[in-house]
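Look at the two complexes coming up: chain A is in both, with chain B in one and chain C in the other.
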Partner chain A sequence: MRLPAGTRDWLPGELAAKRALEAALRAVFARFGYQEAATPGFERFDVIEAGLGEALAAESFRFTDRRGTTMALRPEMTTPIARLVSTRLRNGPMPLRLCYVAPVYRYEEPQEGRMREFTQAGVELIGNASVEADVEIMLTALEALDAAGLPDACIDVNHVAIVDAVLREVGLQPDEARVVKSLLGRRNLVALRAFCGERGDPKVQVLPELALLRGGTEVLERLLRYVPHPRVDGGIARLRAILARAESLSMGHRIAIDFALLRDFEYYTGLVFEAYVPELGFSLLGGGRYDALLGRFGGEAPAAGWSLGVERLLIALERRGGMEAAVVDGAEFLVAGDDRVARALRARGVRVARALNGAEEGALLAEAQAHGIPRVIVGGTCIEVAGGARRPVEELLA
Partner chain B sequence: MRLPAGTRDWLPGELAAKRALEAALRAVFARFGYQEAATPGFERFDVIEAGLGEALAAESFRFTDRRGTTMALRPEMTTPIARLVSTRLRNGPMPLRLCYVAPVYRYEEPQEGRMREFTQAGVELIGNASVEADVEIMLTALEALDAAGLPDACIDVNHVAIVDAVLREVGLQPDEARVVKSLLGRRNLVALRAFCGERGDPKVQVLPELALLRGGTEVLERLLRYVPHPRVDGGIARLRAILARAESLSMGHRIAIDFALLRDFEYYTGLVFEAYVPELGFSLLGGGRYDALLGRFGGEAPAAGWSLGVERLLIALERRGGMEAAVVDGAEFLVAGDDRVARALRARGVRVARALNGAEEGALLAEAQAHGIPRVIVGGTCIEVAGGARRPVEELLA
Partner chain C sequence: MSLTIAVPKGALYRESRERLANAGLQLPPDVGRKLVLDDPRSGARFLLLRPSDVPTYVEFGAADCGIVGADVLWETERSVSELADLGFGYCRLVVAAQAACGYHQGRPLPTFCRVASKFVRSAEAYFAERDLPVQIIPLHGSVEISPVVALADLIVDLVATGRTLAEHDLVIVDEIAPSTARFVVNPVRFRAKYEEVTSLLERLQCDA
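And then the complex of A and B:
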């Protein structure tokens, strides 16, 4: 019985590691004042499309209900949260801090780090357009990566207004700008240089440079040499502020400006960022500012947020030698006989499996060993499976 | 922007109550030695149909992927877990104790207690056919209802082999038996009596009685007066054992035998049960023994289990005056100024929202009040929103 392509089962040990990671992430969200919200597993397709645009919506799993309405399994959580806030919370106090941990679905070719069903965890900070809000979501991202056990993960940041302003500044038409952004996003230097060669205009020589500029505040100075235009000032000021604040928390070394970072989602309007660890070729986390998204659902509020792929973090952790030891959540005792002993232990919060096949000691020890249960209780005695040490049950219950 | 029919959003307060309930249920499962497993949100439709039979599979949300394979959002978790165990765990040590908390999807007419997307939590005890296993899952059900805050919820039990044996005993053909079981399940006494009147045979007079017999061990005695046949002995012995064991744990009053309890799922082969609270017209929890299900996926192992509807429990709790107080998970402090104060508090596990709009005290107090945040920190001072008491931040961090 094969599973659908791009999906997987989670056996207990695997799921315990995932649940532990999810709990660590939820704890970070709570410490930053974010509260979890949830939306349905599927939405009307027109809602998804209004949020994501045509290209990404096309990657959604769609089906038609019996009334003929097209539905889609949600391909991400930012659009549903924007819909939720716009319809239910638009008149409440701002800013709103919401978070989520939820499965999402994309019809893509499965490969490492790219499943058709995967789990997104993320935050949305809604109702505030300030650089303070940008800083806050960057810091939550860094803390989440730390809490996950990846304190060396680094974040690349960019500001979509900077790239757009540069492209306008060098005189590109909207069509050309789209092509160049696509080349830039894939860091296709050969094609970018060819494009510049064709144009001849010395101004466009900044484009390959954009794909190469990467680093700290010095790359902002460098960019201003090419494009000393006030239209980039706002974006540059934001990136500067973010770097300075990260610096003040001793996390400056983990953030790099990268003008070629252009995320797929068309809803971003300002800051964009992605987090990486050196050994993996895909991002762990991505986000940014999307001030126009809520307006598409009638909500009209600035917002910023990010989401990470829980399974991608698990891959990164596994590459580094597995989750910190195996997360153990199996039974601590195998108990034969009287129900009341098992019940008394459980009332103390202990994990107790009951023996179902009688009370023969050898069989009980074998069963416990097969299941990795460290202790057996039979006939009023607690026996350690490893070593065989015995003590009266009363000692446990005292 | 409407939601799909039969689905809902969860705002933070609502979701906090649901998450608290899910955590309480997971804790019960762990204390009984059950470990959580997970399966994809959708499966190949032929898998769902193999488990559930045609009628229930027809209630699933289906879609066709781009290769033409029909998929279905899972309508319940027992079939996917049976598939998982049959394909991945069949050679491991038995018994297996698995649990889950997961969304499932059914295309039904939405009404109270019946959503198209809802959350199932449940257990599966696999690889043991004994009455001990039946007892264990009954006890986990009672403990789960207790932990949820519904210690007066009662469980109706039946054994499908008893009903089947009675129908054969009175001479019904398979077609007639199906009709009678359907009438019995709906407790349609009028139609059952009409059926008996047509037949004339005094033996069939037991059928309306079956729909009325409900109670403790005395109803087993009563049944044996009508059908003194060894074919019902096995089932009756099981029910007797379950009642006796519940009695020994002082829970006998919460279990009643009900021969008209016939669950929809065709995979049940022995014990079946459902839990109710008096004020709700739908069951909270249902389950039973399904010894043939794993065999449909090549696994061949006896098994028993149950699942409950998390949203149904929430309805029951809400009817009784809400979840025990509101579950509070919002920020405890609103902090303006230096990032390091917020960070130091978070490092102590405290929930801290950061002020994004400057450090004017009146505005901060107003923002905190609007969000239900009890304390503001600004300029090195912690201020109680209610009352205005002040103390130095150092006291908090000491």
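And then the complex of A and C:
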């Protein structure tokens, strides 16, 4: 029996490792005051399309219900959360801090750590457009990566409005700007140079340089040579604030500015960022600010957030070794005979499996060994599978 | 951190090797059958790959960067960043047909063409753009003989000198695009190994 392309099973052990990672992430979200919310696994397709735009919505799995309404399995969580907040929580107190850990579905070519079904974990900070909100979002991302066991993961940041201002400044029309942004986002220098060559205007020659400009606050100074202050001051102030605050927490070396970082999702309006570790060729986490998204659902509230791919994080951790060994969720005791012993142990929070095939000691030890259970209890005695040390059960229950 | 570089075997190999050497990265002289090679001096690692596999290795991050023909990039549609046109390996992707058909002199194409090609995606895109319904016949080599034996009306293929076309009485009907070797990089490795990648980019470009 074959699985559909881009899907996978999770065996015990594998799933324990994933759940442990998810628990660590949920704990970080909770420590920042974020509460988990859930939305349906599928939504009306028009909701998904309103959030993601035509091109990305096209990557969703779609089906029609019996009335002919087109539905889509959610391809990401930000749009459903924006819909939820706009319709259910718009009159509530702001800011709202929401988080999620949930499966999403995309009909795209399976990539490394990106299946057609995968798990997204992330946060949404809604109802506040301040620099402080941007900083908070970045810090939650750094803390989440730390808690996941990737304290060396780095984040590159950019501000969409800065790039838009530069493109206007060099005289691009809106349709040209769209083309150039797409080339810049893919860092296609060959096509950018060709575009600039055709235009001939010396002003546009800055664009290939923009695609290669990356680093700390010094790249902001470089940028200001090409574009007058007032146009980009807001964006630059935000990037400076993020770098300074990360610096104050000794995490400044993990953040760089990259003007070619423009995420695919067209809903971003300000800050954008992506996290990575050197051993993976894909980013682990991405996010930013999308102040116009809720308005598409009648909500009109600024919002920022990020999401990460849990499976990608697991791959990164696996490459560093020791992932599965760290997580054990199997039974600690194999108990034969007296139900009261099993019950008393379980009441203490111990994981206990009941022997189903009699109480012969040798068979019990063999069974425990085969299942990786470290101890057997039979006839009032606890026996260590490794080494055979014995002690009375009363000692355990004392 | 040193770089892992995907190098295409075949037509682009010799010049790729020279350009890398000029940039200070030395592929060992006698590579024999080895496909993974290390340059102890620079610390670089080279993967010798089938050209059409280079974008895959780079996209997945198995190689940080690589050299590959633009034609392969069009065909594989992998997300890699094209940082530089290295200028060598010039050839053209063209539509060709038998001279006797007269398509090159403006005679209209059949309403439903059979098109043989190794470049299935590029061929599909070309004809779709012109609203021409065609049947693409995917082949893996010797595409030039397909019109001769009436397997196809047209071919879409790479042409360097045009000699192979001439030998099969084929003429160019239209040029789709010129192709040259490109320096490509994994988008995340561009960030993770920024100094190394931009430094190599500079050294490769000053040679162009």
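The rule is short, and it goes like this: the second predicted complex is superposed on the first by the 394 of 398 C-alpha atoms of A that agree within 3 Å, B and C clash if a C-alpha of one lies under 4 Å from a C-alpha of the other, contacts with A are read in each partner's own complex, and residues count from 1 in each chain.
The rule is simple: contacts are C-beta pairs under 8 Å (C-beta built on N, C-alpha and C of every residue); 3 or more make two chains touch, one makes a residue touch a chain.
From a predicted model like this one, the values you see are computed outputs, not experimental measurements.
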Partner contacting more residues of chain A (chain B vs chain C): B
A:190 touches, of chain B and chain C: first, second, both or neither? second
First, second, both or neither for A:315, with chain B first and chain C second: neither
Which superposed partner A:36 touches (first chain B, second chain C, both, neither): first
Touching partner for A:214 - first (chain B), second (chain C), both, neither: second
First, second, both or neither for A:98, with chain B first and chain C second: first
Which of chain B and chain C A:24 touches, first, second, both or neither: neither
Touching partner for A:47 - first (chain B), second (chain C), both, neither: first
Doubly contacted chain A residues - partners chain C and chain B: none
Chain C-facing residues of chain A, complex: 111-112, 154, 156, 186-191, 193, 212, 214-215, 256, 258, 276-283
Residue ranges of chain B in contact with chain A within the complex: 1-5, 7-12, 15-16, 18-19, 27, 30-33, 35-44, 47, 61-63, 65-66, 69, 71, 73, 83-84, 86-89, 93, 95, 97-98, 103, 105, 107, 117, 128, 130, 132-133, 136, 139, 143, 245, 248-249, 297-298, 329-331, 339-340, 343, 346, 349-354, 356-357, 367, 370-371, 373
Chain C residues within the chain A interface of the complex: 1, 58-62, 70, 79, 81-85, 182, 185-194, 198, 201
